[in-house]
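Look at the two complexes coming up: chain A is in both, with chain B in one and chain C in the other.
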Partner chain A sequence: MKKILTVSILLLIGLTVLAGYFFPQALGPILNLVIDWGILLIGTAALIGIGYLIKSHISRVARRDKQSFLSFVLLLAFSATIIVGLIFSFNHPIFTDLMINVQYPVETSLLAVLAVVLLTASFRLISTRGWTPMSIAFLCSAVVTLGLDAGSIYLGTEGAGAEILNFLRRLPMVGVRGILLGMGLGGLIVGLRVLLTIEKPYGE
Partner chain B sequence: MNWSILGWGMIGISIILLIIFTFLFKNGRSYLVRKNTQIEGLKISRIKAIEGGLHRTLVLGHKLTSSSYPGLGLNSLAVMTGLLDAETLVDGKFNIATSQSSMVVFARQIVENSYQNGFSKDLTQKGVKAVLPGPTAYSNLVGLLYELDKHPQHGLILSGNFGPEASLLSEVAQAKNGYVFAAAGTIASQSALFSQVEDLMIGEDSFMLPGLLKPSPGRTAAWMTEDILRLLLILMIIVAAVLKMVGVL
Partner chain C sequence: MTFSYEILWIVFSFLLTLMVLSYLLGDNIFFRFASHLFIGVMAGYVVLLISNQILWPYLVRPIVNGTLPGVLWLGIPVVLIFMLVLSQFKGLTWIGSLPLAYMAGLAAAIAVGGAVFGTLLPQSRAIVDSFDPAMWYAVPNQTWFRILDAVLMLVGTVGTLSYFHFGRKRKSMTEEDLEKRPAILEGLSKVGQVFIGISLGAVFAGVFSSSLLALIDRLLFIGQFINNLFRSF
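This part shows the complex of A and B:
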């Protein structure tokens, strides 16, 4: 009974939202209301998720685990951010300074590590994937694109050479669009599967 | 005809095809999907990990929804059900991690339901943990790196919306003799992981993963619908290109 109710609510709300886009005049207010409820529910779920995070770190500190000191630092930083955020607004200079001087440098240093990892991984490409048409195409396209973006190849502004270079410059975008179209189709089908209750990840 | 009508036409066709094929496949018809060697690798690695008592982590990505990649988060939640078999639910070595706090709540709900479907509605599962290592992409990364370092030979499954930082996870897991499978849908993560991960699903193949792990008539119908839509789209692009060349469009 509980599952039938869940499926019925899902189907009703899903089809109402879909119909709302078809008939914006008639179903516009209902659509806004349902979307507002959805945002509210997602927000509440997000708060519960943060609660899980805090709970797990508090229990780690209470158990005096090997890495409990790190959890203690996290809890301290979390509390400080909450307090500063509550006292000042998110746009206050103190709060933005905290973000710019603490969070961004840490993230930037991670990005620096990432750059090195990606560089070494690209050197290992052939040993990981072998000499397959895909890996050769990937390697060639990366080298050609890098060369073009660095401006190391210049064949003038007119003529066949320039046309070929322009074509090569546009080629990665064609690939990106192809993948994005595929992802869009996949996303559409997943959404419809859930909407039509063909897919029920919340329980069979 | 404008783009909006074209879009709604595609949605309408998809709904009709999905419903028709679901009924057809429920009545015993089948559709042979393309052979996927990556999924065989994942299945073998899962068996080895369960038998060897090794830790596994499914990372669900950073976003439930996004305008560039709609459906990726939902798809990663659908992947979960295919991985939550009876052995996994009780062996206590499987974790689900994400950086979006609302997804942790959904993941917990799915795990609880899967457990109660397999065992008893009166029991609460403790074998699979849905965790939030950090509330942002990078803090999540740091939390997961610690876990991968703590448990060598880790089995890592990446499914959902990631950035290029996913390659750091795969690098550490592989350095610790672990196994990595990726169905990370974004272009940035796919290109970053391409040089590292052997078992990588590219493009819309990521959306085939739930059906490959746990086949059902609805999922097979989705494959067939997606293939038909893809053919339609290719035809439309070719026709539009020809019309543009002859000056009609």
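This part shows the complex of A and C:
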């Protein structure tokens, strides 16, 4: 009985949303309701996920693990953000200052670290994989794209030179298109497998 | 007061920047401190964001201000949310299958619709459109260039797809048979390799230039901070 109910809900929701793609006018209000409820459930699931994160760090602090100090920092930062967010409103300057002054330096610095990591990783790629058609194409494309972005490669604004530049800019789109089509086919197959109940991500 | 408040944030940003950049010397306690602080703040932010942008407008406000039929309709998501929360307790895991089935159905249908209408049809259409003779003759003296461009796009796309060709093992097939692919597929996948390399190289260059800009921004910030510090003494 429970299994039938679960599959019925899955099919009802899945087919309603799919039908909404073909009859957007007729099914619009129902579709909005279904998606709104889905957003509520996904939001709750995210809160549960964060709850687990906090729970695991509380237990690390309670056990006085090797690096429980770091877990304490995480819990302190979490509590401080929640308290500041609750005392002041979400758009209050003090709350936005807190967010910007933590988020901006950490995210930009992580991106800066990425620059160095990417550079060393690309050298390592060539040294471990050797000169294969893919690695040669990778390196040439990276150099040409960097040159195009920096404006170092200039072949004029019209005529054959401009066409070649356009072609060079469009060339990476060929592989991207193939990868996107592959991802689309993969998404379609996984979605259909769930809707046909071959895959059961919701458990039995 | 405002002055010291701003200074406090600048010093805080400076220390966080140094802590994260210290990762370049290897994994260390300062980097971990900054990352744990960041995760804590972001987790708190996400909780507040979900409460403010999802739970309040979609659930609490309609219940408080809504009409009776509207409130009754909200009973369904409330029950599903209750089941999802209850399923986290030991022995009650089975209760969670209903809200999970709801989310799986929604996600699967959105994935199918998004894949077909958002990716497969527009991308295939773009390839077909490039073979439109009207486009070939649109610019004089460039017809052959356009034809070459269209053929290259088609061969590259098919080649890329061939490189990611995944077959399912049939019972009658031996391991040796599996390793052998049809010659045409093998040839196309070799062409695909080159195009994948070109695409990944372009993506790499894009990410690298933005991260390089971030590095320059952070180095400038550190330089300015130290400069201002020495000037103030």
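Assume the second predicted complex is superposed on the first by the 193 of 204 C-alpha atoms of A that agree within 3 Å, B and C clash if a C-alpha of one lies under 4 Å from a C-alpha of the other, contacts with A are read in each partner's own complex, and residues count from 1 in each chain.
One rule holds in what follows: a contact is a pair of C-beta atoms (placed from the backbone, for glycine too) under 8 Å apart; a residue touches a chain by one contact, two chains touch by 3 or more.
Please read these numbers as outputs of a predicted model, since none were measured by experiment.
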- For the overlay on chain A, clash or fit between chain B and chain C? clash
- Query: For A:191, is the partner it touches chain B (first), chain C (second), both, or none of the two (neither)?
  - Reply: both
- Of the partners chain B and chain C, which touch A:153 in the superposed model: first, second, both, neither? neither
- Query: Which partner reaches more residues of chain A, chain B or chain C?
  - Reply: C
- Task: Please indicate which partner A:171 is in contact with in the superposed arrangement: first for chain B, second for chain C, both, or neither.
- Result: second
- Query: Is A:48 touching the first partner chain B, the second partner chain C, both, or neither of them?
  - Reply: both
- Task: Using the touch definition from the top, say if A:140 reaches chain B (first), chain C (second), both or neither.
- Result: second
- Where does A:26 make contact in the superposed view: on chain B (first), on chain C (second), on both, or on neither? neither
- Task: Name the contact category of A:87: first (chain B only), second (chain C only), both, or neither.
- Result: neither
- Can A:124 be said to touch chain B (first), chain C (second), both, or neither? first
- Message: After the superposition on A, what does A:98 contact: first (chain B), second (chain C), both or neither?
- Response: second
- Where chain B and chain C land on the same part of chain A: residues 18, 21, 42-43, 45-48, 50, 53, 67, 106, 110-111, 113-114, 118, 122, 138, 176, 178-185, 187-188, 190-192, 194, 201-204
- Residues of chain B touching chain A in their complex? 8, 10-11, 14-15, 18-19, 22, 64, 68-72, 74-75, 77-78, 80-81, 100-106, 108-110, 113-114, 116-117, 130-132, 134-135, 138, 141-142, 146, 164-165, 167-168, 171, 185, 187, 190, 192, 194-198, 202-204, 206-207, 210, 218-219, 221-222, 225-226, 229-230, 233
- Once bound in the complex, which stretches of chain A touch chain C? 2, 5-7, 9-18, 21, 33-48, 50-51, 53-54, 67, 70-71, 73-82, 85-86, 90, 97-99, 101-106, 108-116, 118-119, 122, 132-146, 149-150, 163, 167, 170-185, 187-188, 190-192, 194-195, 201-204
- Can you check the complex and tell me which residues of chain A touch chain B? 18, 21-22, 42-43, 45-50, 52-53, 56, 67, 106-107, 110-111, 113-114, 117-118, 121-122, 124-125, 128-129, 138, 176, 178-194, 196, 198-199, 201-204
- In the complex, go through chain C and note every residue touching chain A. 9, 12-14, 16-17, 20-21, 23-24, 32-50, 52, 54-55, 58-59, 73, 76-77, 80-81, 84-85, 88, 93-94, 96-120, 123-124, 126-127, 142, 145, 149, 152-153, 156-161, 163-164, 190, 192-212, 214-215, 217-219, 221
